[in-house]
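First, the structure itself, so that you have it in front of you.
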Amino acid sequence: MNFDVRLVLEVIGMLLYATFMGFIFMGIERKAMARIQRRVGPPIYQPIIDTLKLLGKKESISHGFIYDFGPIFALGASITALLFLPLANFQLFSSNADLIVVAYLLEVPMLGIMLGAMSSGNPYSALGVQRGLLTMVAMQLPYGLAIIAIVQHFGTFKLGEIVALQQVHGWSILVPALLLAMIVFDIVFQAMIGLEPFDIITAPAEISMGPMLEYGGKQAAILFTQHAVQLFAETAFFAILFLGGASNLLELLIKQIAVLFIAIFVASIYPRFTIDQAAKFFWKWPTIIGIIAVLLTV
Amino acid sequence: MINEVPIILFVPIVAGILAWVLDVKGVRELIGLAGAVIPVAYLIKVYPTVADGKSITYALTLGSFNMSFTLNTMTWYFAIIGAVLGLTMALGMVSTAKSGYNWLFALMSFTAVLGVFTAQDFVSFFLFWELMTFASFMMVLKYNRHASLKYFILSVIGAYAMLLGIALVYARTGALDFATISQVFAKDAQLTGLSGMGYHATLTFSRTDMILLFTFFLTAFGVKAGAFPLHVWAPDAYSETDQSYTTFFSGVLSKAGVYGIFYVLLMMMGAKLYFSLGTFHGHPLFLYIIAWIGAITVVVASFLAVLQEDLRKLLAYSSVGQVGYILLAIGTGTALGFSGALFHVLSHAIFKGLFWLVTAAVILRTGKTRFEDFGGLAEKMPITFAMGLVAVLSLAGIPPMAGFASKWLIYEAAIQAHMPLVAGAIFLGSALAFAYVVRFLYSLWFGQRPSDLDDVKEAPAPLLVGMGILGILNIVFGIAPGLVVEYINKLFRKPVITGNYYKMITPNGTYNALSVTLVLIAGIVIAGLLYVYGARARKVPVTDTYQSGNPVTEEYNLSIRRNFYRPLAEALDFWLKYSWDRFYERLGQLSEDFADVLRKSVYNGNVQSYSWYLAIVLLILALWGVL
Amino acid sequence: MNGQYASLLIAIPLISAFFVPVIKAASKKAVMPFLVLVTAAQTAAAAWVFNEVYTTGKPIIVMAGAWRPPVGINLYIGHFAALFVFIVAAVSFLLSIYNFKTIKIEPIDKYAMLFLLLMLGATGMIATGDIFNLFVFMEITSITAYALTAYNKTGEAAEASMKYMILGGIGSSFFLIGIAIVYGSLGTLNMAQIAQLAGSMNATAAQAGLALLIFGLAVEAELFPLNAWAPDAYQAAPHPVTVMFSAFVVKAGLYAAARLLYIMQSVGSWHSVLKLVVIMATLTVLVAEFSALRQRNVKRMIAYSSISQVGFIALALALGTQAGVDAGVFHMVNHAIVKALLFIAVGYVAVELGGAEMENFRGLGRRMPITAFSITIGSLAVIGIPMFNVFWSKLRIILATVDVGYTWAAALVLIASVVEAVYYLRLLHVIWFEGSGERITESAALGAIMLLLVALVIVIGVYPDYVWNLAQKAGADIFNVAQYIKNVPLMGVGA
Amino acid sequence: MSEKKNDDFISYELQEFKLFEPLFRWARKKSLWIVAFCTGCGGIEMPPLATARYDFERFGIMPNPAPRMGDLFLITGYVTPKTLKRIIITYELMQDPKYIMIHGSCPINGGVYWDSYNVVKQFDKYLPVDVAIAGCMPRAEAVMDGIMEIMRKIEDGTADSWKRYRENYEYYRKNQDELFGEGWREKEARRWLAWI
Amino acid sequence: MIEISAYYFGAIALIMIGLYAVLVKKNLLKMLVGLSIMETGVNLLLISIGYINGKSAPILSEGIGPKQAVDPIPQALVLTAIVIGVATTAMALSAAIILYEKYGTLNIEEIRRLRG
């Protein structure tokens, strides 16, 4: 790799932008939820304040090296996933990796969080880990099917090419099979960003935030940042795969927010599944729809 | 010049016999280690020759069978994997093996596996195959009779199926060496293709023959590879033996099955099978079957791995599942798929070998195997833990690791081959893999440490060296997958996957391991800056956690040690009612009962009935028309 | 040296058998050493014959009273007979040493006599070139076998002997009918001449004759379901006698059956007889292996195993191809070695520990390591583990079987082999990994015998070429009937 | 366990953020995460606060079940010795800066339980308090006012209960031990072992 | 050379009677008798094969040369066979004595200690 000043600047800029927008997305989430519940809700930049406050805690504890390393690794992996996405007119590193790599990178942060949570030794955290992994097991099949449908339809793994093809032939969701895939992906998306009805992982009222329970101060701040970056990356991923990508950041932003709003609406209506219900659900309808989608695209 | 092949082949077994005969502590370890190092050294020595596409052949005649062993591009690849794993096994066994018995049979299986990989004719192939089965069986027999018998029965059924296949090939072609048989098959495939187009030709192998051959060989290799539904031996056998040996057992012996499928079913009779058995939705039917077997193996074994309560069982099921990936990749039927399979052979060997070495170290130091007895070992065995973490990352397919590179190829191959459901199985399988490695991490290394593990020490040095070798390989091949891919390209004599050392480019995808690594490191650095800026962390014990405000002491059990994935079991309770293991057990029981009935009714002790048998035979003779 | 000295093979045991009472009258203690001496002499003679036959490549034809066949009765010591006479003698020699340890029941002189006669009978069956002479030798073998089976004087022994007698009696009666039919239609008893004339035989008579001859011999050769006497006899007989049964008595029957089968190959129904034998052989293997599966008595278990191996040999011999016969002969040699080893070791355990029940084998690895090691090697060899001799012959048999097209038979016998593996491995586990007990000093002589056989097993396993070449020549001797006819200097009569 | 931990806790040197301290102070004010220990009747006053009518989330206040991340410890009613033990333990888990607001008369002076043998009469003997809201029960408006008060105190730096706890740890510890007896943490922990 | 003669039927009848006794009679001694009858039948068969109608015994004497005598070989064979038969029967009977001593019965259905 040649050292490329422009690329470095782009990366830094994109990181700042994505983190900021990710926080804003989290704010939108809270705000929209509040509005749906007829509340005023916090200011839209509230997550930034929260993160700053957490970072500004004067005390910090640790349960060992891995406890600290987990969140750092998670944030690192989220950043990595982000940088391998073609974000509007910024290609960044996306020519170096393709759909499968990104799909994997988007899951890696989970492992970081799990590592940290497990090393804290708190049983609630462990329960959270268990639920997180089981959710992942449950959702991975329909998720995979949706991705397969996309790849089979476009015949390429390169995200850049997928976007380009959509620019030419219209958005993916205009294709019936991919519309089905999109429905599947949207259901899975709910679990990916940890919203109801699949917020089984954190389940605040049951297992006190699950994996995050033992985190406070700077580690929690890192986790919040990670969540912001991850949220940005995942919405962008959705937009790239199904909504035709974007030619500039604004278009991308609009699409991301659209995706986000669907998720928020769904989340504010449904109560939480138990974990075995979630597994059974994912292996029933989304899988069936996913199978139809992939068979249509063979 | 002395031919290297016999040295590589026979040094281990000779060393094993010496170690067994001398059986003095210290001496046997030295001999055994030497027996494992020499093949590796010689294999590395012949690398330039092999990489040039030349081959080294060693032939001998035994029992008027002409046997030959060749190191060429293909066999060297498998042989070096076997040899490196064998070396790490030997390093592990320096610490874990308590008797010459273990050395004898471990090194015997070493020789046998190398023999299977290099054999160029069916007799030596079968001979070493049987030897391999036998040696590994003896390793299990010492620890558990039931598990070993299950293993042996299934293996022997497989081996005999292979023998039938070999005999059938011999009956039709009159040859036993691979070269001639390959030629016959190739020619026959051409003729079959022609006769499909209305051209009449006398075929050496009929369609029935090919179905039989396919069944026989698939059974044989499927058993060894642990393919569903013949996988039931694997969990028991892998767990009930010296864990250092399992490094080799699960890392390499299962690959013999893969090698068989690859070499015999694909390279030797692939074209013929394709023409004889036809296609299904555009895929060669026989490959389609292999792919589905692989997919089902992945899913079933991974689910079972997630639900295990025993460390060794978990890893054993995981091995079965990972071999499923390889089968699946072979089943895609594309050059990309084969490359993925070959790469995964390597990466599974190194990460699962590493896993088993870690397990060996843990079991050696703690003497426990069940998850409920472990916890918090990361502080006590930090290096072992680091190696375990490398293995976990590699198995779970975290990008800059060898495991990801090969899995990525398999994903690409499966999706590009338009086998969507099979590819879906990989997605599910990889999520499950994630789930079970986390179980491994959580129960062993994290959480509260049971008080009886307080004086656990770090693993002994030889084991650490072995782990180090495999750990470094995992990282090196992860960051530079091109090293392997380049070699695999040589096998196909064309660049299937292009790119450089760090970058793999398939027709439709790219993966640059180095850039992923660098970006990941950069990301971690950025995150680390945040961490450094925050308040200095204070170390607190595990009891200082939120337990709803309750005060706890170390005497409380704060870890979820049992039934970690209980909800999954509940979600799957319908499927868990059925078990192939139980099915086979029942079948075995039934046949034993049948044997009893048979023996008691036939040999009933009454000489008059015996006389009746004679009379009946006379009657049959008369009816037969000969009397 | 004149080939006629080969008749010593018959003469030595026969004459010495009659000398046993004389020896006994002199000193009772001298009986057993005398046995050793005689068998050693026999072994020497057999070795000489073996060397002679294999170096000159020509069979030795001994003509009784210098009458040329078919008028005179001849002995035909071809490659096969030379090999097997040697095996018979050598195994007997080993057993004569083994006798010291195992035979405690009086009257030892009778035992010695019967022992020699059994050896004689088997030798004669293998060496003879005359069909009625074959019958006589078979009866000598049988009757001595009956007597030896009952030798232990227990109820079981008598029972086993009685079963053997009744079945053997029926079998030999029908064999004799077969001889009668053949003689009736051809007017000759010389096997070479029968071979020569078989094509011109009355079809019905030929079919009936062949079938009855094979039926009669099948009882001796332990083919299912005619083998019901065998496990009982094996179990009840004194240990050396069991070894003899398994190592060469049954082999003699098999050889005779094979010889008769191939000399009558121009008979119209030959192929259906072959097929019938293949079916019976396959069933023998299957039923015997399944019967052995849950045996608690190790000796009986190995007896069943022995029966099944005989089924293997019969299968190979009945394939009707050169490859099959070669493989069968090879398996005969291997089986003789391995089963001699196993029965000697098991018998020794039974003598030392008071019975061959499975319980007695617990912890044997610590109690009698050499014996346990021998049993282990023997068992592994029988299962067909590579590097041991049986692997090669089993491989050859399967290749030959499928080559002929009997894939189903190969599949079935392989399934049976899996069963075999199961019970042997259970035994090994019992021996090495269960129970314990105090160490027993093992007899050096027996240890040497067992280790010698173990060494043979391994040497043949690692380097099978020599024995395989022997087996090939011996197989050709059976299979190549034209050569057989040419070798026997027939007088130009009878045709 | 407890001895070692508390030594650490006291000897631990708090981080000083020089440059960004004002920013963080502002953030602390605007983002109070509540660890609600809903003892007694005050807990029922929380739902109106959180829902549409008062909606404390507009000030960035959020109930958070994880004490490590929490800022504001709400004691919403009478405190018995048994609950006080949990309160102390949870409080010590929270990370500085952290604030305590007591709610209603009972924690202030025992309230209607002034003569109960089993109610802690004076909460601030055991843990330092930033804001106390009188009333039995205080209405939601009063609670809001209390929250406003604490936000103001955070801004001007007078919400310093966490500092006081560190400085006067000996005092609080003595009072706690007087109430529960020496080594109460272990005793309490062991009490429940038999149940498991 | 084989001509159908009454002897054959006689011989076969004897064999069948013997076989019947072995197969059906429960008494060990009766079975042994059956075995003997069978042997007799076989011997008769053997003899009758060598018999040529109207010729005399194969004893070289005056007026009886090889041309006038019946085939001598079967007779020699039968002599041997008879001897063998006698030996077998003797063996069998002695075994029967031991059996009766040990089992107290001659019922063949009760003499089955060795089985399975």
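Order of writing sets the labels: A, B, C, D and E. Residues in every chain begin at 1.
Basically, contacts are C-beta pairs under 8 Å (C-beta built on N, C-alpha and C of every residue); 3 or more make two chains touch, one makes a residue touch a chain.
Please read these numbers as outputs of a predicted model, since none were measured by experiment.
Student: Which neighbours do subunit B and subunit E have in common?
Tutor: C
Student: Measuring between Cα centroids, which chain is at the maximum distance from subunit E?
Tutor: In terms of C-alpha centroids, the chain at the greatest distance from subunit E is D.
Student: Which chain pair is joined by more contacting C-beta pairs, B-D or C-E?
Tutor: Most C-beta pairs in contact, of the two: C-E.
Student: Cα centroid separation between subunit D and subunit E, in whole Å?
Tutor: 114
Student: Report the inter-chain centroid distance for subunit A and subunit D in whole angstrom, where each centroid is the mean of the CA atoms.
Tutor: About 35 Å separates the centre of subunit A from that of subunit D.
Student: As a quick test, compute the distance in whole Å between the mean CA positions of subunit B and subunit C.
Tutor: Their C-alpha centroids are separated by 44 Å.
Student: Any idea how many Å lie between the Cα centroids of subunit A and subunit C?
Tutor: 78
Student: Can you list the residues of subunit C that touch 2 or more other chains?
Tutor: Within subunit C, residues 162-163, 166, 170, 231-232, 291 contact more than one other chain.
Student: Can you tell me which residues of subunit B touch two or more of the remaining chains?
Tutor: Residues 534-536, 538, 540, 544-546, 548, 599, 603, 605, 607, 611.
Student: Would you pick out the residues of subunit D that each touch at least 2 other chains?
Tutor: Each of 12, 14-15, 66-68 in subunit D touches at least two other chains.
Student: Hey, which chains are touching each other here?
Tutor: Chain-chain contacts present: A-B, A-D, B-C, B-D, B-E, C-E.
Student: What does subunit A use to touch subunit D in their complex?
Tutor: Touch residues, subunit A against subunit D: 30, 34, 37-43, 46, 49-50, 52-61, 204-205, 208-209, 212-217, 220.
Student: In the complex formed with subunit C, which residues of subunit B make contact?
Tutor: Interface residues on the subunit B side: 61-64, 123, 126-128, 130-131, 134, 137, 141-142, 145, 148-149, 152-153, 156-157, 160-161, 163-164, 166-168, 170-171, 212, 591-592, 594-596, 598-599, 602-603, 605, 607, 609-611, 613-614, 616-618, 620-621, 624-627.
Student: Would you mind writing out the residues of subunit B in touch with subunit D in their complex?
Tutor: Subunit B residues touching subunit D: 534-536, 538, 540-541, 543-546, 548-557.
Student: Which subunit C residues qualify as touching subunit B in the complex?
Tutor: 162-163, 166-167, 170-171, 174, 207-208, 210-212, 215, 218-219, 225-226, 228-229, 231-232, 269, 272-273, 276, 280, 287, 290-291, 293-294, 380, 384-387, 391-392, 395, 398-399, 401-405, 407, 410-411, 414-415, 417-419, 421-422, 425-426, 428-429, 432-433, 463-465, 468-469, 472
Student: What part of subunit C is in contact with subunit E in the complex they form?
Tutor: Those residues of subunit C that touch subunit E are 132, 135-136, 139, 142-143, 146-147, 150, 153-156, 158-163, 165-166, 169-170, 172-173, 176-177, 179-181, 183-185, 187, 189, 202, 205, 231-232, 235-236, 291.
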